[in-house]
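Okay, got some structures for you below.
What follows is a pair of complexes built around subunit A, which joins subunit B in one and subunit C in the other.
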Partner chain A sequence: MSKYLVNLKINNMPVAVEEGTTILEAAKRLNFRIPTLCNHPDLTVAGNCRVCVVEVKGARLLAASCATPVSEGMEVFTNSEKVRKARKHIVELLLSEHNADCTKCFKNGHCELQELASEYRIGDHVFLDLVTPESMIQDISSPSIVKDDSKCIRCQRCVRTCAELQGVSALAVVNKGDHQKISTFLNKPLHEVVCTNCGQCINRCPTGALTERNYIEEVWNAIYDPSKFVVVQTAPATRIALGEDLGIPVGERVTGKMVSALKKLGFNKVLDTDFTADLTIMEEGTELLTRLKKALVDKDEKTVLPMMTSCSPGWIKFQEHMYSDMLDNLSTCKSPQQMFGAVAKTYYADKINIKAQDMIVVSIMPCVAKKFECERPEMRDSGYQDVDYVLTTRELAMMIKQAGIDFHKLDEDHYDSILGESSGAAVIFGATGGVMEAALRTAYEIVTGREVPFTNLNIQPVRGMEGIKDATIKIKNVKPEWSFLEGVDLHVAIAHGLANARQLMEKVRRGEAVYHFIEVMGCPGGCLGGGGQPIPTSPEIRKKRAEAIYSEDEDMPIRKSHENPEVLEIYKEFLGEPLSHKSHDLLHTHYKPRKRY
Partner chain B sequence: MSTTEALVKELVEKNGRTRNSLMPVLQGIVQQEHFLSEEALICVAKELDLSAADVYGTASFYTFLDTVPRGKNIIRVCKTITCHMKGKDEVIKAISNALKIKVGETTHDNKFTLLSANCLGWCHKGPVMLINDEVFPELTPQKALEIVEEYAKK
Partner chain C sequence: MENNLKKVDIIFEDSDKCAPLKVLEKTLKRTADDIILDLIDSGLKGRGGAGFPTGLKWKFTRNETSDVKYVICNADEGEPGTFKDREILDRVPEKIFTGMAICGYVVGAREGYIYLRGEYNFLLKSLLKKLNDFNAALKKLNVDFQIYFKSGSGAYVCGEESALFESMEGKRGEPRNKPPYPTVAGYNSKPTVINNVETLVYTTMICHMGPEKFKALGTSDSRGSKVFSVSGDTPIPGIYELELGMPLHDFVNEFGDGDTKAVQVGGASGHCVPRKKFNDTIIGFEGIPTGGSMMIFNSSRSMYNVLHDYLEFFAEESCGQCTPCRVGCQQLLKGIEAVKRGERPPAYLDDLKKLTGTMKIAAKCGLGQSVGNPFNSIIDNFREEIIY
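Now for the complex of A and B:
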């Protein structure tokens, strides 16, 4: 159905846009930028900050352009005297309630409010300073997130993020009037409520009110400590986004430059989480096949299907809170980050003759939930905390800047070996559907001896940004030992963003859909849209990052996890085989039910 | 099942399970239990399939939906300008002295909580106070004490 076109003028320039378009979007078509704070391309319209006001000819009041649809014959002015004055006053009012100590703020230089204040050259206090001691509350209870109410402008992007994208609603608007604030159930600390630590709210907070717990100083200290051997691992999705924080366009791959930079920062070894992503596929693929056999052939009542992926710690915590009756569905595989830590401080430490207690494992992650994950008591199978510090992609960019490295001019370098080799299947872990695709590339081949029947190994049906995807793979002409899978239709489903995950879980629980294997990533788009990735984020940005991931995959000489030579070697030398006793000790874990409310 | 749980279930039965019934359910609980306990808020969240933060957010918006324990009788003296000019301070002082509690406190026997309130819409007959749902206009300290004594006997 084609929509009706509406003609209007913005700053005297005519434009025709579809009915229902907001003034803000229409102005964007004409390249007029209107500042916004509460508006966000991923979220519903709130219209509460008012910085986007414009003048509409004939209207008595200024209109919030993000919340006002165009109408026929409308004449809009985005920068009239009235608009400019009002906008400046609005920013001044926001700042009168704001603890604007920018130089000490983690968001300094990346803050939308600061940018507006700077654009409008906000100088003296025009309004009374209303920052009160009661508003100076910082919640540092979570290992992932810092919430600083004195920096909050109550735009409610976080509230909408947590509700609309994540289906969690750990944050809500509480109280009213000058007491209004963003808070949790009964104002409890974040770590005591149902927050999953996904960090999606951080990605959308325009100010320093929600930021990651940063561990930059701790990591520098480790690097400078001569008694420590510091190894760093980088998650798949970091290499396609790090550039964004260092002046490189969205969607450009910076894998080699990132490795170079990490070496220059002084890490003793630069290794790859992609290696353990491949290892994850070996373990998880085998676990899936074993579960299928137990459930379909042995009719074992304790084996539950569908099996669900477990790489995303935000998703895991979500499941522990919301669907604690379904914890047995989760794969017992640790996430690649944690497999890496466990293997680094055992197998790898032995190989390079370093004592585990002298080794520090640092992760560069697109994620803030990983900060929480590495501190889980279950994640100490090496006898030490397996992963010591987790930095976000953003924190790494900050370290690179601090070190005075000109990222543009860096040469490309290669990961160190061992624990540095990986496949294309590992890289795509960073995109929604990627773990599924990687697992299918391996499992299908184990069972049939042939490659997955998709052109160039690209399993298109599991790719893309649809909230919930499903696909069916027919398994034919299997090897004799897998005869029970002959002719079986393998049903798989994929969800990204926890609101979608919730929908999928409800469907599974109601028995409306029968799946064998489900992939869930806590963040919209998968890790590429993770809570630790460069800000801003939007559907277009995530699409470009996904394209970068899939082209990285196509350029890899090895495309399948089970062909990674270092993975084959670790099985030969150390682990034995997938799901071996040793694998269970180091690479697998269990989950615990948490409070539902 | 605890009494709170039973109460919430009963209120939800009566008012329905949609978000629209959140207010009547919360009001119903306050009527019975005088405040919204953590347990009550969680029960409501569970029954209406809302997040606990959401339920708390709504409750915290309304002055009359308390989330801290309150006495059996809640006295709210209007503190807004007209009642202020007509002597609400003396009224509060008298009640406060008689019950030995300050504004915001509850008596030891849990019989009374003394609070202040914003304009109750009775400005022309100020000062006024509200005890539970009942309005008492044109107060003097003496009159206020007599009314409170009546409630003490109930």
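Now for the complex of A and C:
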């Protein structure tokens, strides 16, 4: 349906916008910024903070510009005396229920309320302080997320994130009026409820009410401890986003600078999760082919399809809570982070002659669920906690600032070897559809001896930001040992964001769609939109990050996991072959059902 | 004492003289447009307090194109000091049902719901019996309309129409952004007429007696009569149907105890009128409108306590979603406490009055917008009682 143009005036300037456009959007076209707090480009409109109110000529009430569509002949004033007074009052009210001890806050300098308070020069607090002592008790039960109600301004971005993007609703509004707050089922601590630790709420919280549990001091202490050998691994999606927190434009790749900075921070070795992403493909690709054979040829009833990826710890915990009857569908492969930890404290420690107990493995992740994952009791196959500390991309940026490193001026450096080599297939793990694409590049070639039939290896049908994607790959002219796959249509599906994952799971459960292989990433856009990535996030920002990821892939000399020489070497020297006994001991895991509240 | 107060008997008029089903049968023979014209002509405005012209509301909903539309009776009577809908529900429910069925016919709805205040569940047993009989009668008359009950759970804000829809849909009772208005997207996002209990009875009665008799009562701005809930310091508390447009002075002469200091018109969210303004205050849309609550205070009452009670009520009953209302109500409450204790200077009351100005224009719904009514009218007229 074509949309009408609506003519209106904003601050006396005429503008014509499509019917249905909000006043906020229309004002943007004229370069009038209207401040917002509860509004977020990823979420439905709430219209509850009221910071964005504007005056509409002839109207008794101010209109929330985020929630009010334009109408013909409307005359809007975004900065009239009435508007300014009301807006200032609203910011003052928010500050009165907010623990404004800013210097103690992890979000100090990154807080939207602080910015607004500064913009409106809120000096003396007019109103009474409403922060209660109870609200100042932080919920630190989760290894990933810290919740501080005294900072909460009830904008409900987190509630909408958890419901709309993630379909989890671990956070919800409870009580009303002066007792209204954002809480969990029966006010239980975060780690006791369905929270998947995805951290998407953190990415959208305008204040310091939801932040990651930070381990910066612990990591500094490890670096300063001469008895410890500290190795650091960096996830694929960190290298295309870290710059955003250090004054570099969105979508600019900073791989070399990041490596350089990590070396300057004092890590003993700077290694790459991309290496174990390639390793994951070897294990998971082989697991898929083995499962297909067991299911299709051997008719083994215990082997279930579709197989589902297991790289995303938010998705894993979601599945353990919500679809615990489908845990056998999950690949047994550990995530690349955990494979790295297990290999580092065994194979690598041996190679460089360091005792595992003296090694500290630090991860730089776009994710806060990884903080939970590394503490899972299943993740101690080296005999120690395989990964000791997980820092988000944001925490790394803070460390770089603390160390006084001028990131802009850094030279590019290379990852240390071994455990530093990777392929383009590994870096695309950071985008939705990337694991699928990487797996197909390898599995197709194992089965047919030929490269995947897509231009330049770019499997376009599995790329892009659509919530649920599916694709079919025809397998033809296979090698003799894979004859059972001759002519088979391999059906794959990809979901990102847990609300989409839920939809896909429901389809699978109802038997509406038959797939062989499903990739799910817990966060919108995949890891590049992870809960540990620089703030803010939006569809445009994630699109730019994805473009950066795919260009990084194209620039890599090696594009396929099975061609990574260090991966070939670890199989030759240590693991034997994919799914070997040793692989199973170190690189695979199991899952457990969890409660549904 | 002499006064011009006119008591009326329309709402509770004997059902023998006005059999609701007969009215329905008679009305359904007319065209929807004729019925709307009569309602507009009668000047009937919503009796819940906001006073939107009922005929227009029905017309707007009728004009919407949709397979599904709804008629909802707002029986979430929650305004402190209001208890007239309870009496209407108890005594003449068939007149409500009839109004809903007529509305369904006019706007093209097949389902009607009565959103009954949770605290009125004791009425449900007898109401359900009468409703079942009425629904059966509708079927017998081949009227494609059925009425159902939905029970509220006690939140004041659910009397706000869009919060009421949210509550009916099983969600948290929180007001929505407007537009869209209910006539376009109400319950289940379908075009919806939502009327107060009393309004629906008047529609039945206007269909019964014609618009002329109705509009002969009241004033040009406030046609007809209205049911009042009279409480407080009065020897004769209760429910009274009175002609609209009366001076408050006459009302106090009739109902006061001779020592009336102030009347709170329109419940906690209404205005407090002090004795010196009784003569100049008209009860009606041209003066102070009311959903029916008239609370009379005599000289023994502390207006600080009255205001404090109201503010405690609003601080608790704000749904909490929008900043001006959630935080504003708490600031007003804690603010007058601070002034009373001497922790803030009396001039702080003026800061708070300015705050109510923001709440009035920036809060999301009528709850937050109207808290300034009692606040300002009590502060302005009884300032010394708040401070000392």
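The definition used in the following text is that the second predicted complex is superposed on the first by the 597 of 597 C-alpha atoms of A that agree within 3 Å, B and C clash if a C-alpha of one lies under 4 Å from a C-alpha of the other, contacts with A are read in each partner's own complex, and residues count from 1 in each chain.
As a convention for this text, contacts are C-beta pairs under 8 Å (C-beta built on N, C-alpha and C of every residue); 3 or more make two chains touch, one makes a residue touch a chain.
Just so we're clear, the structure is a prediction, and the values are computed from it rather than from any experiment.
After lining up the shared chain so the two structures overlap, which partner does A:186 touch, if you call subunit B first and subunit C second: first, second, both or neither?
First partner only, subunit B.
In the superposed arrangement, does A:597 touch subunit B (first), subunit C (second), both or neither?
Only subunit B is touched by A:597; subunit C is not.
Which of the two partners, first being subunit B and second being subunit C, lies in contact with A:156: first, second, both, or neither?
second
Once the shared chain is lined up, is A:194 touching subunit B (first), subunit C (second), both, or neither of them?
The first partner, subunit B, only.
So, does A:89 touch the first partner subunit B, the second partner subunit C, both, or neither?
In the superposition, A:89 contacts subunit C only.
Considering only touches as defined above, state whether A:479 meets subunit B (first), subunit C (second), both or neither.
It touches nothing on subunit B or subunit C.
Name the contact category of A:173: first (subunit B only), second (subunit C only), both, or neither.
Both partners, subunit B and subunit C.
Which positions of subunit A sit in both the subunit B and the subunit C interface?
In subunit A, positions 173, 175-176 sit in both the subunit B and subunit C interfaces.
Which positions of subunit C touch subunit A when the two form their complex?
On the subunit C side, the touching residues are 155, 157, 172, 177, 179, 314-324, 326-331, 334-335, 338, 351, 354-355, 357-358, 361-364, 369.
Hey, which residues of subunit A end up touching subunit B in the complex?
Touch residues, subunit A against subunit B: 163, 168-176, 183-186, 193-194, 596-597.
Show me the residue ranges of subunit B that touch subunit A in the complex, using the header's touch definition.
Per the stated touch rule, the residues are 38, 41-42, 45-46, 50-57, 60-61, 67.
Touching residues of subunit A toward subunit C in the complex: what are they?
Result: residues 45-51, 53, 60-62, 64, 67-69, 82, 85-86, 89-90, 93-94, 96-97, 126-128, 130, 153-154, 156, 173, 175-180 of subunit A touch subunit C.
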